[in-house]
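What follows are several structures.
Both complexes below contain subunit A, partnered by subunit B and then by subunit C.
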Partner chain A sequence: MTPAVQILSFVIFAVISVYAARHYRFLWNRLFQRQDRAYQDLAGSYLPSVTVIIPMHNESRVAAGVIEHLVDADYPQELVQILAVNDHSTDDTAEIIDAAASRYANVTAVHRTDPDEARGKTEALKTGTALATGEVILVFDADYRPGRGLLKRLVAPFCDPSVGAVMGRVVPSNSAANALTRLLDLERAGGYQANLQARQNLALIVQYGGTVGGARRSVLDAVGGWVTHLTEDTDLTLRIYLRGFRVVYVNIAECYEEVVQDWAARTKQLSRWAVGHNTVMLDYLWPTLRSKLLTPRQKIEGVLLLGVYLAPVLLLLGWVASIYLAFVSAGWYLTVYTGVLGSLSFNAWGNLAAFNEIGSALLLDRRKRSILLLPLGVFSSFAGMWICTGALFKTIKGRIRKTSVVWDKTPRYATDAPATPVEPGGGR
Partner chain B sequence: MNVAAALRPSREPSHRALQRFPFDKRATMAGLVVAGIVMAAALSFANALWRVEADALGALLRMSGTPHSVTDAPRDAFGGAVAGGARFTVPETGSPIPRPAALAGIGAFVLASAVAIRSRRVPVPAKVLWLLFAAIGASTLWHTGFVSGVPPHPVRTMSIGFQRGGLLTVVVAALLFAFEVFPVPGRFRTKAGWLLGLCVFAVAWSVVRMAVVLATAYHIGPWTFLYLHYLAGPVVDFLTIVTFYSFATYGLSKRLEEAIAR
Partner chain C sequence: MTLGYLALVGIFFAMIAALFAMALVEIRRPSDPGPLPIDVGRDIEHRWFARLLRGLPMGDVHTGDDTDPHHAPQLIYGAATGPATFMMRSNGDVPDGGTLDAFVCDGVATVGPGATVLEHVDGADGLVIGEGAAVGGRATSATWILLAPGSRVRYAAAPHIMTDGPAVPSDPVPLAAWDGSFDVDLEWLLSEGMPLDQALRSLSRTAGGTLSGIGAVHALERRTGLGSSTIDLAAAVNPWWLQDAHGWYLGAATARIPGDLVLPAGAVVPFHLIVDGTLVARDGAHFHGGVSVGGDAILFDECRVEGSLTAKGSVLLGDRASVGECVSAGGDATLGACVLIGGGRNGGLASTGSVALGPGVRVTNKIYADAGIAVDDAAVYSPLPERNIDQSSPTGTYAP
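The block that comes next holds the complex of A and B.
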């Protein structure tokens, strides 16, 4: 058994090393190489009609805020249709969006109240899309606070017909709430400022994240529209690339959001992402490898991206293997050392950002003091291993039993978000 | 589309979203040279360093009242090719764990783990840390009570070598700094200073860790060896590296503003 465990531990280390090399490539690109401007020289020049869909389920604490910010957007309001979709809310959300609809001509309140209909974000998006009139469909979660210039920045890439979807940068507004929000803030910084921007620069697979972004209506229809899924965003991303279109990440399109403030909510959220992502992996791994429209580099990146939520599971398995090797004294120390060091350096912290990416992102953001929080990220790393392992079992169970997806709503805290994102030239 | 407006050059000031650092070939080369020197020194002067570490370790063990013997023995660090430093051995103490006691201990670990997993009051990172702790503890009890009668691994001996002597950490740190810290614009002395600090800390921590493990094995019992050696080894090394990386990056960030290029 010992040789088998040794081989397993080295295989795990090899896989993690591949991910580490990927992150290092991203880091180097983001720090020192030419940055893709994501068509931002055209921001404000290309103004297609836009439909903004805001799926809402019990969002009374935040519903008014996102609508007010969108109405205040620096975009011709006659070209903007705002659809606030109330998805079976039991609080005051319906009244709030009705009031907004009566106040603003381009705001429409849509109510999904049929007790027999399916619920969830994707269903709300389907309802909204059926009513949409814009060439471009943008999606915002209800807790987001889009700045005035955000819409112009987000739609600029659509001047290129090969662009199927766009994604903006998400910045936490409540990062000072507690230790968890600070850690999530670090993850977001590394994931967007370094990781996604590098993928954009390198023309790899850029992920549409389900909010602060959207798709061209014609492309959305061409790829089959929204599909009911825990991670409808990742699903849409893959379908867009497999049809020969691409997603553009607009790093300058910053939008504030609330991150979860307690570990219970974080566990549910991360578990949902991981189960959804794993399901997408099972659905799209083979089509990605066989695609004639993806470049070889995009295929490699696609495989690594699809497996990203399996990496924490491998890490936990590697730890278990190393404990076993320690007991049988089978050259364990080197294995453990390299395994732990390599795995932690990859998975520190979160699922998309390595610690060095976070450090670099914070440097670019000029957030000096936050850099000192980096070592605390080990807690996120431990949590990620645990939650993603549980999510893998849920994925397998769901596949075997063919159970339907259950949507756990992310709680809202309604902290005071900045009215506008940081404007050009400034750090935070 | 307003083509005229689109063709006008952008007057937008540099935004953090589009900024990058100027690539400094000299700084990058300097980083590679420094890393090379550090690694070469680590390999060339390993024996001398191990002698110093052995003296320090011996002093710490004497200070803690831990009797020990020291032998010079070749060590099988990388497949038997590399000789290591001194080997410290402490007298055997403690008695084998009776099977009922081992079983009770394992049961306690399992019960506590179940409570930790189910409890909503325990944060997830603490759950994972506990489970690692419990897994090592329960495995040790199982091995000691039901398999061999003694704890796994030679718990009373400790040889100073590449890994335990801290040199592996030094090599990893040098590589990390070469590729991720030195190329970033900033003072050379800041980068080199934090790398040097990290190397010194890694070696010093290695000596302290070995002393604690041996002293604990003698005074408290050998089963604690795995906790100390496993959790205080690679995990702390990693935290050390990240901490010094963050210190260095923080130091560089102070003077970065003017170095940012579009």
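The block that comes next holds the complex of A and C.
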């Protein structure tokens, strides 16, 4: 058995090394190379008609806020259609969006109440898209607080006809709530400020994240619209790239969101993402490898991206293998293996957003002292391993039994988003 | 196990413990108690500095006022007394050869020939940048900006930006919207083997105006399901010059060419076009949608793009060319005489290199260039590199 475990450990080591190299490449690019500005020099110069869809299910604590922010946007309101889609809410959401619709001419309240119809975010998006009149469809979750200039920033890349979708940066508004939110804040910083921006700079595959972003209507139609899926955003991203279009990340299009504040909700959320992502991997791995429209670099990145939630499982296997090898006295090899694997995995996989990227993102955001929190990411990293391993089994089980998608709604906390004025024209 | 080995392990664990201790201290008493600050109230405002300057205490800026006998409204500053920031409540000039830090006025601002504004200049009712004048930062106005030959600015933003020169030809006639009544005729013409661009011309003659190719392609997508799968151009919407080209129809009224593309004179492109390599379009080529180019984009005289033109490389627009929306250049942008940008709904020009403007150019909204904007009274539109274009095939290669 020992030789088999040694081979397995070498394979895992190789895979983790590839991921580590990928993250170090991103780090180098983000800190030292030329940055893509995502057409932001033309922000405000390109103003297509826009439909903003806000899917809502029991959002009474936050529904009014997101609509007020969008109505106040620095964008010609005659070009903006706001669709607040109430998806079977049982609280006051319906009354709140009806009141907003009566107050603002460009706000429409859409109610999904048929007890026999399918529920969930994707279904709400389908309903909204059927009513949309804009050339560009943007999506915001109900707990988001879009700033005045955000719409102009998000639509600017659509002046390029090769752009099928766009993604902005998400910043947690409740990062100060507890240790978990603080760690999730770091994860978001690494994931957006460093990882996504580097992928944009290197013309790899940029992920549409499902909110604070959107798609060109004609491209959305051409790729088959929204598909019911746990991670409809990753699914859409792949379909856009496989069709020959691309996604653009706009780092300066920042928007506050709430992150989950308790571990139970976090476990559900991460598990949902992992199951959804693994399903996308099973659906799109082969088409990605076969695509004539993706560059070789995009194909490699596509494969690594699709396997992103398998890596924690491999890590767990790697640790188990190392413990086994320790008992059978594998000698010097074990010391090197565990040492390097530990180092690489810490740098490349901690907290599910690479630690080195979190560090660079915090430097870029000028929050250097938050780097001190990085060691605590080990705990959420280990938690991530267990959750992702469980999610892999769920994916396989779902695949075999062909079970339908069950949507777990993320809880809302209704924290007030801060508004810190900065000097006009200035920026980070 | 030696004592040294144990010491090494001890030091290792002490370091880990120290790191965790610092993390625990930080999480209890965070230096960043709140989230990353975002200015949610911030607009995309080109004239922010003018607003900022007007908000400063009066003692911080020199003001010119019609009612103040010491500030002649037409001559606020001479070169002799050194740089300063000025605000005027009427028209104001920076005289020939003068130098200012910044200059804001409520009327028409004029930066005289050879004068320099080191930072920003704004004229609410209009702004004239004189011959050989230079602005180190933003030149903005709520109405219009006129750039004289030999002037240089870093950034220009106004509803109308123009260079001195011959009268600009009138805006191109907009395409007529696609009418569903043409659907059957279009399908019949295509079934007879007529390429889409020729079919469009034929239908346009009947309609008495040029019909939107994008509208026609969308109609075809709806009726024939072209958008449902990626198909080869040769099998569907195939203008004659692309019949033998290697490319894809992507759906969403968009075609993509993986290499370089040379379009013949007068070619009609009835959809959005993505060219992964270099694009060369000869005189009078007409793009009904937007154009995205992975390399350089070279459009000869009188080419017309209804949407936006974006290029990872340089952009060269020939005389009297027009772009309906925005132009984005990853390299330099050179505009010939009487080029019009933003003739459609809105517009703008951005370049990560320099921008060279010929005479009679008009740009809507703004021009931004990392390496500055220069206006030349000589022919900035240099002869196109004909000899470098392989004309043997519709998708010839171009070597810059």
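General remarks:
Note that in this section the second predicted complex is superposed on the first by the 398 of 428 C-alpha atoms of A that agree within 3 Å, B and C clash if a C-alpha of one lies under 4 Å from a C-alpha of the other, contacts with A are read in each partner's own complex, and residues count from 1 in each chain.
Rule of thumb we're sticking to: a contact is a pair of C-beta atoms (placed from the backbone, for glycine too) under 8 Å apart; a residue touches a chain by one contact, two chains touch by 3 or more.
Treat the numbers as computed from the prediction; the structure is a model and nothing was measured.
With subunit A as the common reference for superposition, the partners subunit B and subunit C occupy clashing space.
Looking at the shared chain after the overlay, A:Tyr104 reaches neither subunit B nor subunit C. By the document's definition of touching, of the two partners only subunit C reaches A:Ala176; subunit B does not. After overlaying the two complexes on the shared chain, residue contacts for A:Ala264 are found with subunit B alone; subunit C is out of touch. Legend: residue contacts after superposition of the two complexes on their common chain; A:Asp74 is shown touching subunit C, with no touch to subunit B. Of the two partner chains placed around the shared chain by superposition, subunit B and subunit C are both touched by A:Ser45. Once the two complexes are overlaid on the shared chain, A:Ser218 sits against subunit C while remaining clear of subunit B. Within the superposed three-chain model, A:Leu27 lies in touch with subunit B and out of touch with subunit C [touch as defined at top]. In the superposed model, A:Ser380 makes contact with subunit B only, not with subunit C. Contact with subunit B, but none with subunit C, is seen for A:Gln197 once the two complexes are overlaid on the shared chain. Clashing C-alpha atoms with subunit B appear in a single stretch of subunit C, chosen from 55-63, 199-207, 271-279 or 361-369: 361-369. Judged by the document's definition of touching, subunit A residues 37, 41-42, 44-46, 159, 254, 365, 369, 372-375, 422, 424-425 lie at the interface with subunit B and also at the interface with subunit C.
The residues of subunit A lying in touch with subunit C in their complex are 37, 39, 41-48, 69, 74, 145-149, 152-153, 159-164, 171-176, 179, 182, 185, 189, 216, 218-219, 221-224, 243-245, 254-256, 292-293, 365, 367, 369-370, 372-376, 417-425. Note for the complex: subunit C touches subunit A at residues 16, 19-20, 22-27, 30-46, 48-49, 51-52, 218, 221, 227-228, 230, 248, 250-254, 256, 272-274, 289-292, 307-308, 310, 325-326, 328, 342, 345-348, 350, 352, 364-366, 368.
Here subunit B touches subunit A in the complex through residues 1-3, 5-6, 9-10, 12-23, 77-78, 120, 123-125, 127-129, 131-132, 135-136, 139-140, 143, 152-154, 163-164, 168, 172, 176, 179-180, 183-184, 226, 230, 233-235, 237-239, 241-243, 245-247, 249-250, 252-254, 256-257, 260, going by the rule given at the top. Across the interface of their complex, subunit B is touched by residues 24, 27-28, 30-35, 37, 40-42, 44-46, 159, 169, 193, 197, 251-252, 254, 263-264, 266-267, 319-320, 323-324, 326-329, 332-334, 336-337, 339-341, 344-345, 348, 355-356, 359-360, 362-366, 368-369, 371-375, 377-380, 382-383, 385-387, 422, 424-427 of subunit A.
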